Amino acid sequence: MLRLVIPKGSLEAATLQLFAEADLAVQRSSEVDYRAVIDDARIDEVRILRPQEIPVYVAAGLFDLGIAGHDWVAERSADVVTLGELGYSKSSGHPVRIVVAVAADSPIQSLADFTRWDRPVRVSTEYLEITRRAFGEQGIKADISFSYGATEAKVPDIADCVVDLTETGRALRAAGLRIVDTLLESRTELIANPASAADPMKRRAMDQVLVLLQGTLEARGKVLVKLNVSEDRLAAVLGGLPSLRSPTISELAGGGYAVETVVQKNEINRLIPALKEQGATDILELALSKIVH
Amino acid sequence: MLRLVIPKGSLEAATLQLFAEADLAVQRSSEVDYRAVIDDARIDEVRILRPQEIPVYVAAGLFDLGIAGHDWVAERSADVVTLGELGYSKSSGHPVRIVVAVAADSPIQSLADFTRWDRPVRVSTEYLEITRRAFGEQGIKADISFSYGATEAKVPDIADCVVDLTETGRALRAAGLRIVDTLLESRTELIANPASAADPMKRRAMDQVLVLLQGTLEARGKVLVKLNVSEDRLAAVLGGLPSLRSPTISELAGGGYAVETVVQKNEINRLIPALKEQGATDILELALSKIVH
Amino acid sequence: MLRLVIPKGSLEAATLQLFAEADLAVQRSSEVDYRAVIDDARIDEVRILRPQEIPVYVAAGLFDLGIAGHDWVAERSADVVTLGELGYSKSSGHPVRIVVAVAADSPIQSLADFTRWDRPVRVSTEYLEITRRAFGEQGIKADISFSYGATEAKVPDIADCVVDLTETGRALRAAGLRIVDTLLESRTELIANPASAADPMKRRAMDQVLVLLQGTLEARGKVLVKLNVSEDRLAAVLGGLPSLRSPTISELAGGGYAVETVVQKNEINRLIPALKEQGATDILELALSKIVH
Amino acid sequence: MLRLVIPKGSLEAATLQLFAEADLAVQRSSEVDYRAVIDDARIDEVRILRPQEIPVYVAAGLFDLGIAGHDWVAERSADVVTLGELGYSKSSGHPVRIVVAVAADSPIQSLADFTRWDRPVRVSTEYLEITRRAFGEQGIKADISFSYGATEAKVPDIADCVVDLTETGRALRAAGLRIVDTLLESRTELIANPASAADPMKRRAMDQVLVLLQGTLEARGKVLVKLNVSEDRLAAVLGGLPSLRSPTISELAGGGYAVETVVQKNEINRLIPALKEQGATDILELALSKIVH
Amino acid sequence: MLRLVIPKGSLEAATLQLFAEADLAVQRSSEVDYRAVIDDARIDEVRILRPQEIPVYVAAGLFDLGIAGHDWVAERSADVVTLGELGYSKSSGHPVRIVVAVAADSPIQSLADFTRWDRPVRVSTEYLEITRRAFGEQGIKADISFSYGATEAKVPDIADCVVDLTETGRALRAAGLRIVDTLLESRTELIANPASAADPMKRRAMDQVLVLLQGTLEARGKVLVKLNVSEDRLAAVLGGLPSLRSPTISELAGGGYAVETVVQKNEINRLIPALKEQGATDILELALSKIVH
Amino acid sequence: MLRLVIPKGSLEAATLQLFAEADLAVQRSSEVDYRAVIDDARIDEVRILRPQEIPVYVAAGLFDLGIAGHDWVAERSADVVTLGELGYSKSSGHPVRIVVAVAADSPIQSLADFTRWDRPVRVSTEYLEITRRAFGEQGIKADISFSYGATEAKVPDIADCVVDLTETGRALRAAGLRIVDTLLESRTELIANPASAADPMKRRAMDQVLVLLQGTLEARGKVLVKLNVSEDRLAAVLGGLPSLRSPTISELAGGGYAVETVVQKNEINRLIPALKEQGATDILELALSKIVH
């Protein structure tokens, strides 16, 4: 029913991994690399294409549904519906940023500092539109040229600054640059063609795909904790549990209670010792594959 | 107690992986690669040998128990007892097939079409017996020669057709061949020497090994689903659950019920959104290591 | 709050893996390899240094807490507090040993046999102190020289025996040596500076770290087993369960009981078939991430 | 003296290999990847940048000298001087081509066939200018869009044809496309800024660099052949030698002559047997590092 | 003109390397792996097939020319013409051997010792014919079964001895076997179909291919040595040169002589110091690509 | 005749490569890694041991001949004869240095600056003796501790400075250190036991090995250049040649002269263009395997 497009390149591996964990494994036919299938009645066709082009194709109706970074939705001013954000990027669960960076030893401290220049700022970027808008809004005169890559290598000889995508800032720093401004924070999104999203049948399928993807992403950050506790310590232990989900409580054969709850992974290294101190015993932690509220 | 033989070669990695997951990890001594041990009182000795030879050795009583493809049990007409099928192959959970394949542009559409030939069909195969029987039953005159490998490369210069093993058909298609008939569908089996299988002590141990292997394989295709539901939606949610296993139901501390059940992995991407629509909340999915009915 | 030092080299990968599983992932900054951070309020600073030097640095108060093999605590006679043993080594969960090894065809059968020699025994070792003590206690005259590595290659030309670390003895055997005595059995330990361990705030944090590490190690060897059983077989099944943890018992919607318990992984391949024979059905096995008693 | 820019990406490895063989090894500083040095008095500075941008930077005087494909010189209409062609490409010594490709089963047989279409041809390409000119010259109405990559995957859904670079045509064929026209044949060139090339000092250095690069490339395709021959067969053997270079002839100590000459590598497998038949003996073949006429 | 078949598998890499060095590079089309081409007018077609089958196909006229081990020519009793031996094998320049091997601790010391057995010897081998002949000639009763691989792992449980191919004997020793007899020494050969070899045109092309391959192999073991020597030491130096090829002597501009000759690589480490002691100066050693006498 | 020891570890690969190119290939038996053989009558036995221990073993007469860095000869004050330097190190042809390094932001500028300190300098090093001597000579009070590795990571927390080996200084800089003094420049040496070196037979063999190793090293930096030149330009071309070796001049069949000479590789990129300008034609460059004067 749905035609889906997912990004080739830096997000590709993380996207395929997510779909596989969501039980929507993307199977590529060996012959034509850019075409793939998902063995699911809701998805008829899968294409793997450049992330820069995906918002345009979804807007044009070539696909119903796509995975895209918000950066390219904004850059291409694509008329698409954002169904939801997906909390993953190339190598982490954090959003990426489109930033302005200058040479580390440049006197420039923020984008606004360029307004004082009496010559056009030479900017190298893959984001022509976003750059044009940002520099225009501040009234900065700029000579913006399209970067075919290696953008960070162009300062200071070839450009005065770059507008580039970064996840951790490490590559920019390693190239001797300093970030002076953030133009856009970009998350990975599930986007839809407006007409497709208005079709109730298609929309229902889209929402189900979103549930599976977001349920998988949420499970990555959480674990299931099971513990035993005597009746007199039950209230104390329950009080110490974070309230992500109502805990499940059952009576134990040998007396006392078994309690089960879901907690954030990054709380677990504080929570487990605390629970133990409050009287919880036999604490077990299990990994989760998916969480849906 | 048991002497076990497992296949070297294309099934080797998948077999070692299965035994490890079944808590029957095969440990090879570094000195003699073909001998190994499993740290389990039921298994005295493990050998890793060519799959073509395993049925013959098990039939001859050199081993009590073996992992073999049904193709070689049939080809070697080995007198063994099949204790059970194991749903895995080289790269998937699907059975493999012994097929007849011809050049893609050949006029042959089925094995029977060869009956019209006025010269012997040149066949290249590793399965001399299976081929002889199949061609013989249809009255086809054939010049069958043993293939030492690269069977698919022999059509059309060296052979008119091949009888070869395939899992997906991809290698045959890539070599320009077309499958015209399937002579045998072959699953991986746990086979036993008839005398060993008739020994009650040994048979009991064999059945326990089978339980562990099949329990592991079954767990690969299923997940544990836990969910919360209010009392008024309980019946609806239970009605929507597939009936693989009676669901476990417990009362929640904060009211409502916690339900737990096992479902097929390939249903999960339809089931989770459906459960959510029926009122289930806090749906969790957990991976399983083993399932035994 | 705590300054932690973990070992570089042969224990490094296993240690980083353990910390990651304990939700204490060690993140190295890309610039200075030997410095790292753990995103946890209890740990301020992490250094990755040679295992031979760790006990000395912890004793000197350069670090509050360290991971070290007991071998180097003993060799360096370091004044540290051992908070607990951690059951892992380079490639297994077993302790390593410091052994005396001679040429496989040497007449020496035990360390004591050297007392009969009328010339000093040439010993090559990285453990000068441990060797001095052991040979001294037996009254053996020895010419002990520091080995910069490849210790096992020095017998018989360069040394009469070696005192070396071994996990499985395989490398020594492969080099043509035979082990004749064990001077020390060494486990990986969590060690603390005595003053830091006497500080109640620091000690509490140290104990919590120990709980997380030991909980993770314990989970590696165990699994969670869930099963269903009819009322009349309940007692039999419960009787057959090992008593690591009180089993959790709940009533099933369709009658009968659901039972849940934790068992040793190396018992599971005997337990599951036994439970099935006693009437348990729908037996499930799940992996555990952490266990805390 | 010279500022040099060489291409990052598909030509990078082959270019670095060529410079190394020409004794102009490019040494990258570890800190900033895009900057490098060559230990040679004639070359002050080396940058490694995207091939698409190199002609523009050389034309703008940011660099004196650059390695570029002719395709991007043409696409960017860059005002540069071509000092010479360098006979190498990504994986061979052959030129690459910018071609028009359509779906293999399309009725289109040549670019001109598009003139009959009553709707604009959808073209996907990285070469906007070259495409505009070629389609314009033939009066074809086209909707040309910039391809960010994976160009060959866009036919037929997203584009009717592509204008793409190819070395062997293999990737296009593998993607199910058929080449219908060649718009440009492109060789790797050594290009210079016009002002730099007009400076006699710089021009002399540029020409010397060209001599080294071309000398290395020429040596790849040739070998040195040495042979002995008696006086009476000398004329016959000399007559059979290709005339790439005057052969060197010396008298042998034991009578007869030693002859030495350079021949094409792809002739050698015919020439050596022929020389032997004409009476040459002790034929030796040696590899060459550089040839300069 | 010629149809050539070269071996897939253990000899494959060494064969492709040899052809490439002989300027007869084998280029495989990416689509069908077993078909290849050589860009040479004398060779129309190249196939890469199992070495066991090559002699049979050449005898049958499916190919004019093939590379085969003598072992399979003998085993298959193939009616082919051996044009020449090629001194290379899987990993060296030495011939391989078909040997009889028994368990290292077996009392058997030679093949003849089996004549005393009162039961048939169980033999596992890929060489059924060679084994049958060798055991038959000595009057040994044998139960010979075809080995699908891992032959060395079958002693002593499954076979009493094996007849297997070995280059260094290392794999057999590592498997705990001891070689007791050599049935055949096998070199790699260039074989031809008898009818093709009788065709003068084809035979001339075959001989030329043989010259190139043998010239390349010979060059691997030799180097070109150049040296200078004063007139009074000339005779002494010439006397010390091995006589593989008449040395070339030229007068030097500054007086004295330049001498050039070809020597065995394994003599060079003794020859160079000796030449220096006899008065040779400026000794140079150069690698050779091909030598043809 | 000679017992040889070569270094394991950082110099190992470069040493094995050198011996192989010198036609003294080191062949390791697969069973005992530290023992090897060279197929040469002059060398009976080869051992591969830690570089720190080699000077001591050679001095003690366990070996006749060894490859060692001068650093360890000095550190261990070993009584050995240095036969010659070998111009190679881990990754280049340059010597390594033992340096004193401090934190990049330390006020210390030279070793002498430490004399002003009123507390002992904490030094971490693998070179206890060299450090003791150097600090002692300058009257610096130091607390020198043995570093088991990762020396550069110890500044500033654990040590005030390090005494460490460096080839390029890169690893020290990357660890945030600054070199303030060089205590020793160390080249790789061929060292001999004094008694062995005094034995005329052994000494002759040692000198021959030295000739082969040094001849190979020298050839790495040079190439053979051949060129043609007309009679009237001969003097000019000869005048422009560097005088490493008397050029060989022969008359050409077609008139003019052929000239052949050896030149430094790092001069070639200036020499070839210069020779061409002076009238040399058909300039050829060939690689050399060995040079012996």
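Think of it as A, B, C, D, E and F in the order they're written, each chain with its own count starting at 1.
In the analysis below, a residue touches a chain if its C-beta (ideal position, glycine included) is under 8 Å from a C-beta of that chain, and two chains touch if they have at least 3 such contacts.
Everything numeric in this text was worked out from a predicted model, so none of it was measured.
Asks: Tell me whether chain C and chain F, two copies of the same sequence, contact each other through the same residue numbers or different ones, using over half shared as the line for same.
Replies: same
Asks: Pick out the pair in A-C, E-F or C-F whose interface repeats that of B-E, meaning over half of the contact pairs match by residue number.
Replies: More than half of the contact pairs of B-E reappear in C-F.
Asks: Hey, which chain ends up farthest from chain C, C-alpha centres compared?
Replies: Following the centroid criterion, the farthest chain would be D.
Asks: Would you kindly tell me how far, in whole Å, the mean C-alpha position of chain C lies from that of chain B?
Replies: 38
Asks: Could you grab the centroid distance between chain C and chain D? Build each centroid from C-alpha atoms only and quote it in angstrom.
Replies: Each chain reduced to its C-alpha mean, chain C and chain D end up 59 Å apart.
Asks: Which residues does chain B have that touch at least 2 chains other than itself?
Replies: 174, 250, 286-287
Asks: Thinking of each chain as a vertex joined to the chains it touches, would you call that graph a line, ring, star, complete, or other?
Replies: Other.
Asks: Judged by the touch rule stated earlier, which pairs of chains are there in contact?
Replies: Touching chain pairs, listed by label, come out as A-B, A-C, A-D, B-C, B-E, C-F, D-E, D-F, E-F.
Asks: For the complex, which residues does chain C have touching chain A?
Replies: Where chain C meets chain A, its residues are 22-24, 30, 39-41, 207-208, 211-212, 215, 219, 224, 238, 245-250, 260, 262, 286-293.
Asks: Inside the complex, what are the residues of chain C that reach chain F?
Replies: 8-9, 31-35, 47-50, 52-53, 57, 62, 147-150, 153-154, 157-158, 174-176
Asks: Residue numbers of chain D touching chain E in their complex, please.
Replies: 170, 174, 223, 228, 250-254, 256, 258, 265-266, 268-270, 272-273, 275-276, 281-287
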